[in-house]
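Listed next: structures, encoded as structure tokens.
Heads up, the next two complexes both have chain A, just with different partners, chain B and then chain C.
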Partner chain A sequence: MSDNNKLKIGIYELTGCAGDALLILDCEMELLDIFNAVDIQSFLMAKSDNIDGDLDVALVEGSVSTEREIEELKDIRKRSSIVVAFGLCATVGGIQARFSEEEWTQNLKEVYGDTEMTHTKAVHSKPIDAYINVDFYLPGCPVGKDQFLNFFTRVVQGAPPESYPVPVCVTCKYNENDCLLNKGIPCLGPLTADGCGSVCPNHDVPCYGCWGPAEGANLTSEYHLLQEKGFDIEAIKKRMSNYSGSKFQEFFEQFKNKESK
Partner chain B sequence: MKVVGIDHLARVEGNGGIHATIDGKVVSDVKFTINEGPRLIEKLVLGRTPEEDASMSPRICAICTCSHKNAVLRALENAMDITISRKAYLLREIMHMGEFVESHSLHTFYLALPDFLGFPNAIAMASEYGFEVKIALEMKHYGNHIMKVTNGRFIHGENAVVGGFGKWPTQEELLFIKERALQFMPFVFKTVDLFCGIDYPGVPVAETQYMCCEPGDDKYGFWGDEILISTGEKYFRDDYTKVTNEFVVPHSFAKHSLYNGNAYTVGPLARIVNLGERLQGETGKMFQKYYNDSWKTNPFYHNPSRALEIMFAFERIPELVDEFLKLEDEAPRKEYTPKDGKGTGLVEAPRGLLIHHHEVTDGKVSFADIITPTAQNAADIERYGHIAAQALLDQGKGDEDIRRHLDIVVRAYDPCISCSAHMAKIRNAPENDWQLRLAEVKDQGSPVFIGIGNPSLGDDAAGIEMARAMKQQGVENVWLESEIEENDGLGTEDNGQPFILLDAVDLQETPGKVTLLPMQIVLQNSALSHKILPIVSEVLNPRQMQNAYLLGIQAGSLVEGEGISPSVLQAMERVLRQLSN
Partner chain C sequence: MKIVKMKRENLSSFLEAISREAELWAPVKKGVDTHAFQVVKDFSEIDLNYTRTILPPRKILVPSRFNMFQATKTEYTPDFSHVSNKIIFGIHPCDISGLLTMDKFYSYAIEDPYYLESRKKAMILGHSCWPDEHCLCKSTNTHIVEEGYDLFFTDLKDFYLVWIGSTQGDDLIRLVPDLFEGEIADQDIQRFMQWREDRDKAYSSEINFVAMADLMELRYNDPVWAKLGEACLACGSCTNVCPTCNCYNVEDRPVLGAEHSNISRCWDACTLENYSGVAGGENFREKRADRLKLWYTHKLQAYISKYGKPACVGCGRCIATCPVDINIKTVSDSLDGANPDAFWNRLSQEVTK
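Moving on, here comes the complex of A and B:
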């Protein structure tokens, strides 16, 4: 707590699109209240007078993709009571964590040649829990605005954040959309974590899976359902791997034929 | 020698820094560094469907997400010969305007203005400038609202798809957008007056080349099928590599883009310089009122340019909505079957020219090349940073002043480091790179050669010895360092011919490695410039300097009284063979 009894908060960006930090600035109508409700000690995108001291809550966005970020992350963990993986990249490593270590090394070489960076060394992208203990996860690409405000108000009051255990499909039904799967369109709604409010199916666009795999989904059952409907399971898996980062292997473990267990 | 700088630039998008190396009274080097790791997005989309590519590529950047979306869609649609409907075209333009309003209002009021009014951030500024902060937040919110209505979400929306859109917004939603645009106009005028009225710092001042999309039809706009350069040249979209040719500079591991061997600027100032005369309506009047030649040589004028573009967007949005609503209803997306092809999409992101090139083979993406504005601006950010740091040092300013000034110079470009991180790729130059570049230089005319170095310091004799050998072979216009006098133009007629300095260099390479570098780059490298600068500045005029090059051989041993080492001798033979061709 700071002197004025406000929670000390730090917002940090590792490797990613900066969308989760930007999302906070996108809460335009709530922004002044947010800055008043807590003591924001560090937020590079928004302010110059940043202090790297002890924190009550650290929001960490982005995947860990350089050696320097590993050090930075460990330092944030040491200074913070609560660390939150903020957004898809921090939670599962983001799209950049899909490659295996071997593929990554090969592709890095193709793109950057043999030249080594002077200021830091690139490492295979991983979610932040590959290096530190994480207290809460807030997935999303980027995190939803309602999801963030909900999280923020609860944490400020000392309550744990709400979890979103259901897949996009559930919200999509609440929104009374026509099911795209029934039209033969490969939608990842049944497999993907909710939090976006089924925004893509609301627009007649199939879900791309950008919140990562849904924890509560019965993946084995979904596998059979999609197979029965005639979808190309390999194409679905490939599509699902786009936004599942380093967690897609775990996901594939459950998303398969019952008999092959 | 000391390094002054900022490890983590604040109030920019993404994580980057800038550092100036100060060697006594000289700023020998300025580096713009990118702290983020590589994401390899151009590789991640390979083997994916065009739809998945269009979803993933914009993930490069949150703030330019609609620009990336429009660029990747234009590229894929060009690749697969898909023509979208006029309605879809207009809606994409409305979406793009939303991003400009959002990004420009965020940058001008929240990231830049605190610098000029002396606050650490916009929230602190609210105590004195409550009205501006509040209304600007509403303006930013409005930009986001447009992106949400058109693209489904304000960051990484997915409503814009290959062939058009998933769904059209409703008439009510669009009319609301139009009404709000009109309501904002009084504050928009205030914005232009505010940012055009600021007394911007007088350093750095230098000329540069400006590059942007040619919107066509003598209009101002944020996309096109050609690249327009302030020198007057135009290039068709598929020829983009001729413009942005990537250059590996020895002093930095960020890839730079150079046009005609020189750094260039993209972004709001580039558009205003190249296209400002085309502005109509109130924006046209404001342009005529405030624009003058000093804008062309000072990057701080990116800020008033942004303000003019905010006004342009607010004037354009109602026109777009009106035209959209007048058109007959039709399906929001064109159905298509993927076909093989290559396509390039050019758009102006708020921070400048964004190029997407995507190729489709058998229904899957087979190649992707993405060139972002901040990667293109990197060379000019360093150059202007260098000029500013040197000017302040000459004025006797201390480290803290230099650091603070560098910070605001970088910020003027509104750099998007998230974007550039994915562009900071190095394409290792091929072994014969210098030969290719030499051929290009020789195409400009018969070069004047100057051999330089210390003949009795081991490999440092290489430049002198090569010049001597050429003289013996009867090559014309060859000079030794000892033969040249001040300002005599080397006795040759100035007919625009290139100048090539022959020298042994120390770039920490394998001994005998040959490099051909434009003088502009040489002079920004501390390891090279200390030796070269006194010679070229005495002999060459500024115009000749633009067309001067250093042909350097990496030295192995520099021992007084010793001869040239075998690896350097071999390299000299290779160079001489090439020069006599």
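Moving on, here comes the complex of A and C:
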């Protein structure tokens, strides 16, 4: 707590597009309330007088993709009572974490060749819980405004945030959309965490999974379903693993095992 | 009960007159071939040539999320802002039966004011329908209704026969009595009888509900449930579209920059993993198979034991919705001895190339 009895908050960005930090600033109507409710100690996108001291809550955006970020993240954990994985990249690693170690090494070589890294070394991108304990997860690409404000307001009042354990299909049905899977369109609604308001299916565009895996998603059934609709294994793998970061890798390892047999 | 006749061309004048009395809800086209109940201002949007809306009309009475009350540290203020005078026009018999089922759920043991207040202020203007391949209402005996409506319109092409089911319904007729005729000719009655006969023949799907509650009990540990669990996408869609599902969750929504919280009520679905989660992180039904079993026990056994009929009104929404064919028809058929692989032959496959 600060001297003025407000929670000390820090907002940090690792490797990502910074869309989640931007989302906070995009809460224009609520911005004064947000800054009044807490003491924002560090928020690189919003202010310049940042202090890296002890915090009540740290929101960490982005995946861990360099050695320097590993150190930075560990330092944030040490200084913070609560650490929140803020957005898809922090939660599951994001698009950059969808590759196996082997594929990643190959990609790095392809892109950078033999260029020597001087200030830090790249590492295989991972979600932040690969290195530290995480108290709460807030998925989304980027996190939704309502979701963030709900979370933020509850944390300010000392209540644990609501989790988002339901798939996109729930809101999609509330919005009375015709099921795209039933029309033979490869929608990832059943596999994907809700919170976006089913924005893509609302416009007849299939869910691409950008909020990351929903808890309890049935990968096998969705896989068979897409196969039945005529999609080939590579297309399904690509689609399903695009935004799932490191979380669906184990499932797709099964294919590799089959292939190598 | 009284029956009057109305010429087809009088319908929009009638709707015009009643829409001044309350908010008018009716089926409108939503997608290419889907429909939804919506508030209607322009009557040309109403599409009565629909089979089923994606969500049942219970959404009009208890929305998917609304505030129950506002709470501060010391007091609370009830919030009934979701309640208003409504006229729901174009409801089919299955959905009227769905509302009658909701009435029982929400008043049997503890009265739920948030539903009942909303229900009291809603007038039900039913409309006849024609079955498609998913309609099972003849099996559930909900293809005709004898209660639960204020008015009911049977569409006989150039005219309607209009059943008056309540004094409130009669009051609507009396707003514009010139639009209706009290005399119904013998040939009109013949037309109605013929329509009824033709429609009864139009059903192509049925469920054998005889001894279904017993089968549900006897097959409680049947391997069919594990098979269904393997296929289930756990998306909750069957539950969200069901006219007789009524479970909800209550969440505290503190308001930023204010002293109060909104206590918000939202639909919940027992087919979702989180539903059976309790404090301490335990979950009684982590397995999809167990959750499906719970849902179907409720529909096919518990409700039958209590009220003598299934908690299914045969609307066919779960059939039209589920991408992996887990629905009231396939599950009932499986319990009745059909081979579950017949509808889900992918189940036996492993994850292969």
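Note that the second predicted complex is superposed on the first by the 227 of 261 C-alpha atoms of A that agree within 3 Å, B and C clash if a C-alpha of one lies under 4 Å from a C-alpha of the other, contacts with A are read in each partner's own complex, and residues count from 1 in each chain.
Convention: a contact is a pair of C-beta atoms (placed from the backbone, for glycine too) under 8 Å apart; a residue touches a chain by one contact, two chains touch by 3 or more.
Quantities reported herein were computed from a predicted structural model and do not represent experimental measurements.
Of the two partner chains placed by the overlay, neither chain B nor chain C lies in contact with A:K237. Look at A:G19: by the touch rule set out above, it reaches chain B but stays clear of chain C. Shared-chain residue A:K6: touches no atom of chain B or chain C. When both complexes are overlaid on chain A, the residue A:R77 reaches neither chain B nor chain C. Applying the stated contact rule after C-alpha superposition, one finds that A:S125 touches chain B and leaves chain C untouched.
A simple residue count on chain A separates chain B from chain C, and the partner touching more is B.
Contacts of A:E176 after superposition: chain C is touched, whereas chain B is not reached.
In the superposition on chain A, A:T153 contacts chain C only, with no contact to chain B. On chain A, the patch touched by chain B and the patch touched by chain C overlap at residues 204. Contacts from chain B toward chain A in the complex involve residues 8-15, 33, 35-44, 47-48, 52, 55-56, 59-63, 65, 106, 110, 114, 120-123, 126, 137-138, 140-141, 144, 152-159, 161, 165-167, 248, 253, 332, 407, 418, 421, 425-428.
The touching residues of chain C, when paired with chain A in their complex, are 30-34, 36, 53-55, 64, 230-237, 240-241, 251-257, 261, 267, 269, 272-274, 286, 288, 320-321, 323-324, 346, 349, 351-353. Within the complex formed with chain B, the chain A residues making contact are 13-20, 22-23, 25-26, 28-29, 31-32, 35, 44-50, 62-66, 68-69, 94-96, 98-99, 104, 107-108, 110-120, 122-123, 125, 141-142, 196, 199-200, 202-205, 208, 210, 238-239, 242.
By the touch criterion stated above, chain A contacts chain C in their complex at residues 30, 33-34, 36-37, 149-150, 152-154, 156-157, 159, 162-163, 165-167, 169-170, 173-174, 176-179, 181-182, 189-190, 204, 215-218, 220-225, 228, 233, 251, 254-255, 258-259.
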